[in-house]
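Each of the two complexes below includes chain A, the first together with chain B, the second together with chain C.
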Partner chain A sequence: MNASGSNWVLDLLSRDSMPAPVDWVQALRRQASDQAATLPQPRRKLETWRYSRVETLLKASFTPVVQAPDISGQVVPAGISPYKLVFVDGWYSESLSHTDGLPPEIRIGSLREHLDQDSVRKQLGQLANAGENLFTALNTALLNDGLFLEIPDGLVLQDPVEVFYLNSAADTPQLAQPRNLILVGKQASLTLVEHYLPGQGRGYFHNGITELQLDAGSRLSHYRVQDEASTAWHLSQLYLEQDSGSYYHGITLSFGAHWARTEYKTGFRATDARCDLRGLYLVGDGQLSDFHLDVHHDRPACQSREQFKGLLHGKGRAVFDGRILVEQIAQGTDAQLTNDNLLLTRDAEVDTKPQLEIYADDVKCSHGTTVGQLDPQQLFYLRTRGIEKKQAVHMLCEGYAGEIIDHLHLPSLREQATDRMRQALERI
Partner chain B sequence: MLSINNLHVNVDGKEILKGLNLEIGRGEVHAIMGPNGSGKSTLSYVLAGREGYEVTAGEILFEGRNLLDMSPEERAWAGIFLAMQYPVELPGVNNMNFLRESLNAIRKARGEEELDAVAFMKLVREKAATVELDDKLLKRSVNAGFSGGEKKRNEILQMAMLEPKLAILDETDSGLDIDALRIVAEGVNLLRSPERSIIMITHYQRLLDYIEPDFVHVLADGRIIRSGGKELALALEEKGYAWVLEEDAA
Partner chain C sequence: MKAQQDEVNDLVKAGYEHGFVSNVASDTLPPGLDEDTIRFISAKKNEPEWMLDYRLKAYHHWLEMEEPDWAHLRYDPIDFQAISYFSAPKKASDGPQSLDEVDPELLATYEKLGIPLEEQKALAGVAVDAVFDSVSVATTFRQQLADVGVIFCSISEAVHEHPELVREHLGSVVPHTDNYFAALNAAVFSDGTFVYIPEGVSCPMELSTYFRINEAKTGQFERTLIVADKGSFVSYLEGCTAPMRDENQLHAAVVELIAMEDAKIKYSTVQNWYPGDENGVGGIYNFVTKRGDCRGDRSHISWTQVETGSAITWKYPSCILRGDDSVGEFYSVAVTRGHQQADTGTKMYHMGKNTHSTIVSKGISAAHGQNAYRGLVRMGIKAENARNHTQCDSLLIGDQCGAHTFPYIEVRNPSAKVEHEATTSKISEDQLFYCRQRGLKEEDAVSMIVNGFCKEVFNELPMEFAVEARKLLNITLEGAVG
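Let's turn to the complex of A and B:
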């Protein structure tokens, strides 16, 4: 493979003809475009792509969606919140969304419509540096729309805000690239629930980026449910920065897609912040789930918890790569990482790689990973109580996954997630 | 009710049960005693249908049915219950849900209606009270983080809920202090009935002070080497196992 850029990305870039809506975005795009052209193509030789079968993605051909797509026939699921925002192929759809009743001080909706805001101009691209990797560059080079959400200082919203990412029916596989910017003001508090769903799409590539800034003392509960089409590709990169005393409570449930990768890149701006990252992945035949964490403790006395659990069946594949870097300055860091994997079949396979890099001496850090099968003793115990084997397997899997699902503080979402898992287990 | 004839069982290629015979009649309480490693738990697992126990000879009939052809759940449906020596922890599986799934599975097998939530709760509370099991433990994961005594009481609670025809209690007394032992024994005594047979596996005479057996057997080196009434237990308590083993060897 040539080290001087990727034909795959050049081909995608050459097909975007729509100009950016404002000059400064045009400049941002152009710069990203230049970077995309020189960044090396992801390949297995690179450590971050070692286990992730990225070659097939880079052989597939996609069409960037350069204008708001046709939304006729799109059905948005009922949802659990009075407020919902709907994106189709990464483009905001006002007619499918419902934001009435939200406090007017909240700025929310299409990023494209908010490009004139100072905060957008100041923050967009600050955390997600286009030069970092090909997919961030690609997203930025074709930046069109996405979710913008800015909660002013002190505002506490009780009801969750729910976001749906859907895809349109298209003859050729689409490239959907929502670009999200989420700014949570001082002492503000919000629950954000995101659903990644097929809509009418098949074989598409979702290449999403979310930049999140949590100001001092704020709290964001951020729940993400990836349930893409079984033929789809999904990449989410989350860039997070937290100010002092803030609390990010993040959970990603990964159920769908042929190939799904979620990357968290988190850092702290000040002391005493807390970052919880949790995830559950359920993969079967023809599926790969991949989580990459890059948790950067570069301020003292911050806390992070990374807890990821996988349930693999059939020929399901999973990758977990969790890196915690504790800089010398980050004394008093408390970081605990665990990754557990339950393999229901012999053909399922997982690569798990926890990495703790610690340069401070006064820290409380640990990591642990497990890969195992269902415990025959537990199965036997349930069966001696009259519970059939299949049901016993389900109960144990639910119990196992419950350790993640129970952290969702919305009961209706917990129920949805449990039902979704049951559905998948029913088929095995 | 239960008839075990010339049972030979291998575990990992090693013969553990070596021609065991045992007859249990309806409503009878049998105590099985014996030295450590003699095969008592192996017998209980074979009765409950655990995998990895290879029956090389012999048969087990339960109410005339060939037990060895039945899966563990089928045995439970038929009325067999094993209170385990080491009850298994099920992290994430709610105790109440577990009891409910279990009871409903067994009721279904018996051709009975499932219990509705209200009736179920009432029954659970009532039975939990008989073994003095804290309600809080019903809301936790099955056995996870329970003390030894709590685990054993949870086993007896399950037995009380499921109302088996044959209950096998494998060292339900071990690791219990005297108060816990009394509570567990009372729980078991409440379940004694002319319709229910009980096999009590124990190391100590102590439990038999609380639950009086109709028959006592000594299991040593994979066989029942002596059977008698409750006076046999007293003799064992007094003289230890050595004399039975010696007489058997002679």
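Let's turn to the complex of A and C:
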């Protein structure tokens, strides 16, 4: 085994033949490609991969999607918003998307078509450093397309913007790598809903990166519903930086994929910003859900809330690793993290690791973790009221998951999420 | 604020109370470690062949291991060849038979520490197997313990007198392959304590060993093995201080506890070794492996520790809850000030049904101290109805220190319940104000609040230890107002 050992990545990189559309992206790609060749291969021995079996992913073979795929036969589900953008295998599909009626000041659509923008040139790759890990390097080295969204200062968009990530049918499993850049201007406000769906794909690997910049006083509600194919691999890395007084309200619901990992890496540029991260994961037979949070308080007086809840059934596995780092300068930090896990069956497994690393004294930080099963007394109470056991279990699970779902401020999305959860519980 | 800062500075500069060196002639091996060193140690102690084999096996394994670097600690690399691996105080040909035969200077040393053996004998009724550097020199109350069948002796003696017990249990909880420092200890351990409590016996007194590191550049490699047979009970106290030195001294001890059916072991530690000077120079490196095995059903192991000393603390007293209905407990207060660093916590492996564990960890960081809790709770597949509750609280005094929490929770059984809570804060202004308003000096108020913060842990200590620990905490934190 060589220094990097990641022949897997070298093999993937060697197959890309499509040149980058502009020179500076080509340079960015080349640099990432070099880094990918030297970065260590993820493995269980590394702390960040301690509990997630990544070895099987690194043995699977994928074909990078290097040009806009065939979209015939793709069906985009009815959305909850008048504005929707559709990506197939990470490539923007204008014909499936619908952006009419959006204020013209908003720049939105394919990243590939916005590469000449100054803001893109300035911000792309600023937060997601390709040298950080193999998957970021891989995404950058094959950077082709993704979502670009720039909201100008002061613009408040009432209707949510909805984004769908679909996959195309292919003989060999595909590697889809959307690269998203989202810039929210000062005092601007937006709700962004992202759906990760199978489309026609099977066994594909979604390796997505989203870079988010929130300027002073802005607000972004960012809801993500991961419902990939049961044969799919899903990795999302979100890099977030917030300016003073901004508010990021992020919720990820993780239902699909047999291997799913979401990483949040957040930081602050100035004081008094607030970052809320919430998540719900529902895993069953053969599924793994993994959440990694790296919340970096490096400015004073910022607030963060991290609340993640899991429902595990069958042979489902869940991993949670939440780290809050408070630097010495970050006095007045208020950070609270909780992670609750409900094990519904014998064979479910959970590994959780909430961490606090604190170098400032004037802080309020806490974390709490629980793992347990349904309270037999609560079940008994419902049974005495004439409710069937199955329904009683569903009621309790819904109540439990409701704590996350209720934070979605779009009623139609709340309903969708609840229905999706019921559907999964039905199978138990 | 300025006045407070001064007080903190005074505190940080305060010399180490127990910093003195006794001049006892030592039989010391020159620094260095190879097979000959191990053969020398083994020969010096007239060890049987199997013991030497065990040491050599451990040594060869150690050579292939890498020093762990995952802990939240920063220290200069340890040169294992610069350490002397054996140092025994001068002794009479067959060793002292009673206190009268003990080197008077040694006794004076204990007196300086405020723990005269006679007094302890008379007042506290505590039998002391005092370890001065590496060889036991005084053992008291042997007869009284022998009457009920309790074996309490140095491990070198036990190797000769009770080889079957030592051979059966040594390394059965912490195998020589366990970790880097445990392997080193297994290869070069000089001495330590052996305790065996026979079936159904409740040990009539609290057993206690005082450790002292005395010889400069001498590693201290203690080995403690406590076996509590069915239905027995023992409470064991361990406390230590060390003289002031500039060189970093390595301490890599191993403690193994074995509790059979219905047995209970209570192990309490007060650790106050030299923490280094105000620039973080010197101080003890404390890399300890402590583990208890609740082998029988309904067995119970309880660890209580008060850690105020050492430059580096790397210590995770653990419990393997193998027997059904067994109980593991871990109560800890860790204080870091100056440039001290502590990475400490526990591991609870739940294997049996209805096993319970409780973890209460209180970390206090002042000045440049770094304090990390690192713990693992693992609920195995067969751990039906197992239960864990973990509480980790950190208190920060000053804006240069750090407090960290790294809990690992692994659950393989749905009927297991695990709860983990952690908080980090500084001393509440409201509480301070309230106390000040009632006429308490700021320092007393802080001391009161901090003592309250640690109360849950102190309550678990045996009485004499609790008093000592409270005093120690007050001295350690004198003037450190947030």
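Following the convention adopted for this analysis, the second predicted complex is superposed on the first by the 424 of 428 C-alpha atoms of A that agree within 3 Å, B and C clash if a C-alpha of one lies under 4 Å from a C-alpha of the other, contacts with A are read in each partner's own complex, and residues count from 1 in each chain.
Basically, contacts are C-beta pairs under 8 Å (C-beta built on N, C-alpha and C of every residue); 3 or more make two chains touch, one makes a residue touch a chain.
This one's a predicted model, so the numbers in the text were calculated from it and none came from an experiment.
**Student:** Would you check which partner chain A:I71 touches, where first means chain B only, second means chain C only, and both and neither mean what they say?
**Tutor:** In the superposition, A:I71 touches no partner, neither chain B nor chain C.
**Student:** Among the partners chain B and chain C, which is in contact with a greater number of residues of chain A?
**Tutor:** Greater contact footprint in residues on chain A: C.
**Student:** Classify the contacts of A:G386 with the two partner chains as first (chain B alone), second (chain C alone), both, or neither.
**Tutor:** A:G386: touches chain B, not chain C.
**Student:** Taking the superposition as given, does A:L134 touch the first partner, chain B, the second, chain C, both, or neither?
**Tutor:** Touch status of A:L134: no partner.
**Student:** Just checking: does A:C365 make contact with chain B only, chain C only, both, or neither of them? Give me first, second, both or neither.
**Tutor:** In the superposition, A:C365 touches chain C alone.
**Student:** Quick check on the superposed pair: does A:L149 touch chain B, chain C, both, or neither? Answer first, second, both or neither.
**Tutor:** Once the two structures are laid over each other on A, A:L149 reaches no partner at all.
**Student:** Report for A:M395: first if it touches chain B alone, second if chain C alone, otherwise both or neither.
**Tutor:** Once the two structures are laid over each other on A, A:M395 reaches chain B alone.
**Student:** Same chain A residues contacting chain B and chain C, which ones?
**Tutor:** Residues common to the chain A contacts of chain C and of chain B do not exist here, since the sets are disjoint.
**Student:** Write out the stretch or stretches of chain B touching chain A in their complex.
**Tutor:** Listed in rising order, the residues are 48-51, 71-73, 75-77, 81-82, 84, 87-93, 97-98, 101-102, 105-106, 109, 141, 158, 162.
**Student:** Tell me, which parts of chain C touch chain A in their complex?
**Tutor:** Answer in residue numbers: 70, 72, 379, 394, 396-426, 482.
**Student:** Across the complex, what residues on chain A touch chain C?
**Tutor:** 47, 51, 328, 331, 341, 343-346, 348-373
**Student:** Over in the complex, which chain A residues touch chain B? Could you list them?
**Tutor:** Counting only chain A, the residues touching chain B are 375-378, 380-389, 391, 395-396, 398-403.
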